[in-house]
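When the chains are written out, they are named A, B, C and D in that same order, and each has its own residue count from 1.
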Amino acid sequence: MTDALKTFLTDLDLDIRAQGDWGQVADYIPELGRIDPAQFGIAVALPGGGMVSAGQARQRFSIQSVSKVFSLACVLGRIGEQIWTRVGREPSGQRFDSILALEHENGRPRNPFINAGALVTTDELLTGRAPKETLAETLGFLRAAAEDDDIHIDKAVARSEAATGHRNAALAHYLKSCDNLRNPPEITLGTYVHQCAIEMTCEQLARAGRVIAQLPGAPRMLTPLKARRISALMMMCGHYDGSGDFAFRVGLPAKSGVGGGILLIAPGQASIAIWSPGLDGYGNSRMGSHAAERLAHHMGWSVFG
Amino acid sequence: MTDALKTFLTDLDLDIRAQGDWGQVADYIPELGRIDPAQFGIAVALPGGGMVSAGQARQRFSIQSVSKVFSLACVLGRIGEQIWTRVGREPSGQRFDSILALEHENGRPRNPFINAGALVTTDELLTGRAPKETLAETLGFLRAAAEDDDIHIDKAVARSEAATGHRNAALAHYLKSCDNLRNPPEITLGTYVHQCAIEMTCEQLARAGRVIAQLPGAPRMLTPLKARRISALMMMCGHYDGSGDFAFRVGLPAKSGVGGGILLIAPGQASIAIWSPGLDGYGNSRMGSHAAERLAHHMGWSVFG
Amino acid sequence: MTDALKTFLTDLDLDIRAQGDWGQVADYIPELGRIDPAQFGIAVALPGGGMVSAGQARQRFSIQSVSKVFSLACVLGRIGEQIWTRVGREPSGQRFDSILALEHENGRPRNPFINAGALVTTDELLTGRAPKETLAETLGFLRAAAEDDDIHIDKAVARSEAATGHRNAALAHYLKSCDNLRNPPEITLGTYVHQCAIEMTCEQLARAGRVIAQLPGAPRMLTPLKARRISALMMMCGHYDGSGDFAFRVGLPAKSGVGGGILLIAPGQASIAIWSPGLDGYGNSRMGSHAAERLAHHMGWSVFG
Amino acid sequence: MTDALKTFLTDLDLDIRAQGDWGQVADYIPELGRIDPAQFGIAVALPGGGMVSAGQARQRFSIQSVSKVFSLACVLGRIGEQIWTRVGREPSGQRFDSILALEHENGRPRNPFINAGALVTTDELLTGRAPKETLAETLGFLRAAAEDDDIHIDKAVARSEAATGHRNAALAHYLKSCDNLRNPPEITLGTYVHQCAIEMTCEQLARAGRVIAQLPGAPRMLTPLKARRISALMMMCGHYDGSGDFAFRVGLPAKSGVGGGILLIAPGQASIAIWSPGLDGYGNSRMGSHAAERLAHHMGWSVFG
């Protein structure tokens, strides 16, 4: 299978570069706004340790909101089900940075993958710990899951987002005004933007995703129940207001980030990372979604049969 | 496996009757409001034609919104992807009968499983056909899928809902005012309430669901792609504003109805129908959801691994 | 003053016709959609019975929502303050036909001048009375206030609105589903569209408005307190989501209709009716608003000093 | 008239103290939360310099949002109509600190009297000037209008609000993210809370209001047109989501603050200040509204005739 998959991925990479319908990079974070949208990488981690990739699969990119999957994993490991008193698990029906739903629901974010919800999980992780230690925990989880210590935070991206992230600051202060933030907003925000600024390659991210896909041979860092539940949340809420469309077209749990990354989970079968920095109107990677759909169909990977 | 499953279902039935936390029946449809909430039935259709059931699995009940899955199947068979110009495929983040989202999205319902969206699919099915023929098509689909001709419409329930269904009438007129209804609102509404008033037993419904679960031995009425897509929509939108919670807890695509029925799909493994008419705050069967969670965990049925 | 006012109105009429920026007629009511937008009339009723007018001030037009002022007057005369249990008195912040606020406030319309609120006042007027008698009461009020029996309903307009008014039907059914409509929706809707289809000339409407302006010499049909309160509601809610702008620019209580009519009240000083059927984006008469602003400034008529 | 008014106000003060239905003080600003709600003062400035008062009319209180009227007056004096490109003039239909409307309208607050709108006017006043100078301008306006230099900022209240005002911080960051704030959010917020922390007595505030009421003998600091427009905005938006009700019951333009103050304008006739720190559910002074209604009815002061 590995050879056939390699051929498919190589052809896919060529097709996408030929097609060239890349979308726009996220320009609200100045450091990300400078990136060339015409880039593409894909990596597939298989049971038993196999890795097949194509394109710029060893190019580092800012994982941004994909990090929310792993900070949720850390929170579930630390306090478990109690987190659901502070954040819901329903699709939001709104943009990733919307504040509307927050007012309707009195400061309890709809789910942990929209920005407001991720601020709450980061805030929870900060309990009894300094920002540095908290970031070390999330980074440590990723390094252990990927079995690779060469994963770091891009401080220039963190600074760039901190300086211009007024929408996130609005969310953090709103949460604080509803008594759903324990730390000073600046502390939670600072930690959050550093966590979003983690840099990884497609190969690293695909390897880290194995613990959610529960691939044979992957480090055993999550119970099967926790892994399934994280996958369920990725399916329902992983692509913001485009989650329904993604589930319909691709049929796999996935989480996107505005850096252009997507992590896809084919439970028991594969962990896939795709990167292409040009975005569609929902803030999801345009060519990344396209590649995900083609790969899933080609391999017959769908949780729906 | 069949014997062990039979034992589990029998015990589950006893437990639920002992527990007695039934919820409230839907009283906005007077005929349904008269039903005793303290009832429970469950049926599991297996690959190769097996059927295991417990409780009141041969008691007829009003399938209500579960019918939306099958009318969508009919529409996809008839006009295919074009339906998505008239209705979306995103979770609504609102109650099943909300009109809010409709105004925000200029009359295009968020998905085919909220009431507004199902009015649109029914309206589409009425194209070039009388209400009687349209109902015959949906009924015919269900009978063929269940391989059982003894499936009928309860006209008393249809009349009861038609006489009091002002919220649905509001939705239909709103759709008409946005040019997203082709037939007179009364015609579409009348057809819709008759379709919702189809009566089935758990065993019949579980058998009909086999075509979505793509069980070996089931009638081949849907392509694998269509079956997967219907499952994806059930996962994302099948329990209204409680869909995220249901996916998190149960991990299977499912569709509920205010009559207390739930159809669950374990792709390739089982089609399950549960009925208990007492509802929770979202309008989903309280004991039905509970039984679904216990059965899925017991059997290890989850699309998420 | 009368001669100077006559000269001003005549010049204003000429200016407006020269300017020719008329806006669009309301096309959702087919009968109104056929009207030439390039028309204008204005009439000013003064204390002691004086009447000064210009342009097409004797041309009949469909008063539409301006009728809501007079049906409210009838309701206040009949049941008084109790009406406020069924409808609020706050600006809506939404379009005249919005259903959003209705869902947020559980079926209690924000005020009696948006469509949903006027359906409630009409429904209240129907209590213990047939539609014909109810319409006779509103017509009778207008005829007595205008001291003119030649005021009638244009049945072609009523039929045209009834046949196409699906948005209003949605509102009526929604109110019914919230138990805030006593009569069958069809009865309330039928009465409502006939009341909106009353035809008047600017001169007739200006004369009828004298009872709200409490002009010396006008029929005494409202207590001073009721007249003040109706004026307050016109100020706060009379121009839908453009009410704040109208208050800022014109400074007088006023009510607009989609037929292009505006009734303005300068308490104790004048009752003014303006008609120009081309509308702005809020559904208010474009040239009517413009003329109102110029007249109010010229005469120094503002309730704000 | 002065003697009769004095008698009326004295009786009103006694009645209100006897009645004792005071409401709750605003506790989200800790310094204000310590104040005894059972206090009341009223002052009426008359044409020609007369002043009649009762109760604690010489007790200083925090004018809070009443200051927004005067900062708007400063902005209108400085840049005039251009301010309306940054802020609207429509009632909001929401609470004073709501962020909902802001998202719906892409960061343009509905009016200058809700918190978001006042942040924008303060931000505009800061253009080319330090916070200290900006505050000196607003204070200077108040001192000149009141002809009294003994008006100051209570720095303890400003500090208290700054430390806990996360809702306002959320609004400021949201505005910044929409490019509708020119200064750093902290600068605008700091200036805003100091402006809100201005302390005045009822007698001082009533005297300052004379420039809006255009009372004979008052300093001529506003053109009649500006004064009328400020009054129109007070009428439409001065009591947040209770503005319609206040207009209906009282019939005068007015602005409330969470410190319990209300400034009322009877154009050409009186400027009235009332203070009672216990609030109703909308955040408006409970006994202040009650006193306003009784005074307006007694004196026949209503802009509506």
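Convention: a residue touches a chain if its C-beta (ideal position, glycine included) is under 8 Å from a C-beta of that chain, and two chains touch if they have at least 3 such contacts.
These figures come from a predicted structure and were not determined experimentally.
Listed here as common contacts of chain A and chain B: no chain.
Where the sister copies chain B and chain C meet, the same residue numbers recur on both sides for over half of the interface positions. If you average the CA atoms of chain A and of chain C, the two centres end up 55 Å from each other. Rounded to whole angstrom, the centroid-to-centroid distance between chain B and chain C, based on C-alpha atoms, equals 47 Å. Per-chain CA centroids place chain C at a distance of 32 Å from chain D. Residue positions of chain C touching 2 or more other chains: none. Here the chains touching each other pair up as A-B, A-D, B-C, C-D. Interface of chain B with chain C (complex): residues 98-100, 102-104, 166-167, 169-174, 176-177, 185. Residue ranges of chain D in contact with chain C, taken from their complex: 88-94, 101, 110-111, 213-214, 224, 227-229, 231-233, 235-237, 241-245, 247-248, 251, 253, 265, 267-268, 302-305.
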